[in-house]
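The same chain A turns up in both complexes below, where it pairs with chain B and then with chain C.
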Partner chain A sequence: MRITLDRACAVRDHWSLTASGTFDEGVHLVSGHTGSGKSTLALMMAGLFSLSGGSIGKGEITSCMLSLQFPELQVTGRTLEEECASWGAPAEEILGATGLVGRKDSSPLSLSRGELKRLHLASVFSRDYDLLLLDEPFSSLDCGEKSKLCTAIEQRSGITVIFTHEQEILPRVFRIWEIADGKLTDCGRPPDAYERWHHVPPAVKRLAALGSLPGNISTRDIREAACRIPG
Partner chain B sequence: MIAIDSLRFRNLVIDSLTIRPGITSIIGPNGSGKTTFLRICAGLELPHHGTVSIDDATPRTTEIGWVNEFPDRNILFARVNDEIASPLRFRHDTPCDAIDAEVRACAEAMHIAHLINREVRELSGGEKVLVSLAAALVHHPEVLLLDEYDSHLDALLAEKVDQVIRASGARYVIRCTQQMTTAAESDHLLFFDSGRVTHAGTPRDVFRFLEGTAFYPVLWECG
Partner chain C sequence: MQDPRIRIAAAAILSVSAFFSVHGAILALLWWLVFTPHVHLAKKIRLVVPLLFMTAFFSLVLEIFSGNGLSYFIRMTVIILIGMWLFWEQKPQEFLATSVWLLGDRAGFNLGLVAEMGMQSLSCIRADVGRIRVANRIKGLQWGVRGLIPGGVILVHGAFARAEDSAEVLAIRGYRSGGTLCPEFLTRPQDLVAGFFAVCVMFFALVPVSEFFILYR
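Moving on to the complex of A and B:
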């Protein structure tokens, strides 16, 4: 299965974005500055933004889910129990896994942003999707939860596309992409991608300068490379 | 000094804590009481028990700048210009041309001068945070309280914003963050766990206790 973008173009009042490239199975990271168009690209790939030109083909993809940057915009249930049910997720299991036991009758909008993000992501990950688009999934999660999310992402099959500016705690990825000046660029696979990638995480940069290039961008790749620093 | 004494509110239990002028970062797990603590410092909540004093005044009599962790909950007005101007307009003591000049200067400092005539609903999440920060800074608060404002900003922008915050003249900046590199660059650091401040001190002091956990800065593990 794969998703292919052929000069797919989105135009808003003040800017436009053009994207070409093929996203095969595996984990893809799309980075870019604030306001560069990451969320718009996620909407385009989910089929929720009308293209002004070009096309997006989704070969053999039968199920797709977009996790929005702001979980509060994706809430449909009045209570946590209803919210889990709306995702087709088992409420007891989800609330147990997210530390929200005993709050099944609370409003999702009464949760802190981190708690709501955890509930939202646990609901999303309770089902398998061929294509999973995650817009800023790490935002508001604490460091422990970010690490758990990385594991969940790495264990998935299908195509996972992460749109993020996170630079500290990341999963091992198959391919790295970047949006700049209204254009999507394929930086390639790590570690070769680092040369073309403008958003190389500081830890990767520092290790490269010390002569120990990490093979990928996950925390365990960083730690492994840190152990190999010459001298 | 910000002095907290015998504070009890919901799950928050802080017997004694002082916060010195400068940038204080708060880190800790989701649900550990960080936002609740900021809301009490802002005067948005009154503690069930105990006191918070900011240079011997109460939070509600102190000029506070506040940025909510939900970007959309910061915004009152449709246009960026009106949003940033609102704290000054609500005072009813500043001439319109002086307000316009303050708004322009603040937007330029925050690198959002190009957004000034845009509708807020058209903005990205990060841009909304920048607008909220500008609105929080435009009236030159003594205390700036920022709840995970940086979770919507890329690293370069977060660094630029950091410079603006440091130059703002706010005597106290207290910010919750989940970016440990940002936390490491603060004057003071507090670690919250289950409603209590379990570690307080310089970033180096606090992170010493967090070595081996997910909260230890990845960058510090790289030599």
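Moving on to the complex of A and C:
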């Protein structure tokens, strides 16, 4: 199972993005500045953006889901129960997991952005997709919820691609990618990727400077690396 | 057209001319064809198609019940085209600058600020419509009548939330009323020519043509 981008190109007014690379099974992190084209690449990979050139091949991928950055724009149900059903997710289970028990008849738009994001992510993660694209999944979540999301991402099979500029709480990833100057670059696998990666999290940078390089970018790996520092 | 004062005045004049009579609408359409990048506009603003369909529907209803449907369709279509051109050419702060130039630092500033916020809101709604369409496709829903109601609710909810945020930001910054601004405008000779012809369109639309030829009867 893999998704292959062969000089896939997107053009918008005076801006363009070209992407090449192969995303195998596992968790991939795509980072880049705001406006660099992360969301556009997510749309391209989901087949929701017409390519101006190149191609995207999805070998053996039968199901794909894209989670957008703004959960309120994906609301189609009048109630939380209907909203869960619109994702094909069991309402009772989802509401229980997200701390919204007893609110099944409430409007999704009455929830705060954080609550709605939790409900949205729980609905998305309730089904197994071969390819899961997560556009800024950590936005609007507190530290506890970010950690829970990292666990859910790590436990998933298939291909998971995270498009984010989150710098603190991240899951263990298989490969790191970066978008800069309209081009997608494969930085490689951690820890070797840190040398080529411009968006290295500050904690990783500090540990590297102290001579204790974390094996990966998750909180667990960073903590382990910190514990290795003598004194 | 570079000068927003001439652009806004031309759009107002042409809209009034088009609204008043069919021959005014035809003259305004000719002006639109000569002085705007019409083909480029039609390609860029896809929203014009559903608007024209909506106008056609109401025109048909009007034609059936009162018989003025065709006239209504022609006049409204031209007004939509002019509005589309004005919206497309408008740049941020132009309404504010024009309003302050026209009405001063107090009433002008307030009015311009409201217009700027309205324009900003329209841009946000346009972006949100695109995102909602993508979201519906992700869920396997067709973009149609069924998707209109939840989509509309989200847009209205979003517009209210943004309005509240803007009000809070203005209050935090100590805004009460009015403000200072020194507007600068760039006027090209082509702008003056287009403005002159817009006035001509209004003149011919509002003054009955027969008045010119009465002496020859």
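Just so we're on the same page, the second predicted complex is superposed on the first by the 229 of 231 C-alpha atoms of A that agree within 3 Å, B and C clash if a C-alpha of one lies under 4 Å from a C-alpha of the other, contacts with A are read in each partner's own complex, and residues count from 1 in each chain.
Note that a contact is a pair of C-beta atoms (placed from the backbone, for glycine too) under 8 Å apart; a residue touches a chain by one contact, two chains touch by 3 or more.
It should be emphasised that the depicted structure is a prediction, and the values quoted were computed from it without experimental measurement.
Enquirer: Based on the superposed arrangement around chain A, label chain B with chain C as either clash or fit.
Expert: Aligned through their shared chain, the two binders clash on chain A.
Enquirer: Tell me which partner A:L48 touches in the superposition: chain B (first), chain C (second), both or neither.
Expert: The answer is second: A:L48 touches chain C but not chain B.
Enquirer: Just to be sure I read the superposition right, which of the two partners does A:R206 touch: chain B = first, chain C = second, or both, or neither?
Expert: first
Enquirer: One more residue to check, A:W87. First (chain B), second (chain C), both or neither?
Expert: Only chain C; A:W87 stays clear of chain B.
Enquirer: Give one of first, second, both or neither to describe whether A:V101 is in contact with chain B, with chain C, with both, or with none.
Expert: In the superposition, A:V101 touches no partner, neither chain B nor chain C.
Enquirer: If you tally the residues of chain A touched by each partner, is the higher count for chain B or for chain C?
Expert: More residues of chain A are touched by B.
Enquirer: According to the stated criteria, A:F70 is in contact with first (chain B), second (chain C), both, or neither; which is it?
Expert: After superposition on chain A, A:F70 lies in contact with both partners, chain B and chain C.
Enquirer: Taking 7-15, 79-87, 169-177 or 187-195 from chain B, which overlaps chain C after aligning chain A?
Expert: Here chain B runs into chain C along 79-87, and the other listed stretches stay clear.
Enquirer: Please report the chain A residues shared by its interface with chain B and its interface with chain C.
Expert: Correct list for chain A: 70, 72.
Enquirer: If you look only at chain B, which of its residues touch chain A in the complex?
Expert: That would be residues 28-31, 35, 69-72, 118, 122-127, 130, 148, 151-157, 178-181, 213-215, 217-219, 221-223 of chain B.
Enquirer: Any idea which chain A residues touch chain B in the complex?
Expert: Touching chain B from chain A are residues 12-14, 31-35, 39, 69-70, 72, 99, 112-115, 117-118, 136, 138-147, 165, 167-169, 199, 201-203, 206-207, 210, 219, 222-223, 225-226, 229.
Enquirer: For the complex, which residues does chain C have touching chain A?
Expert: Contact set of chain C toward chain A: 128, 131-132, 134-139, 141, 147, 150, 153-154, 157-158.
Enquirer: Given the complex with chain C, which residues does chain A contribute to the contact?
Expert: Those residues of chain A that touch chain C are 43, 46, 48, 65-66, 68, 70, 72-78, 86-87, 109.
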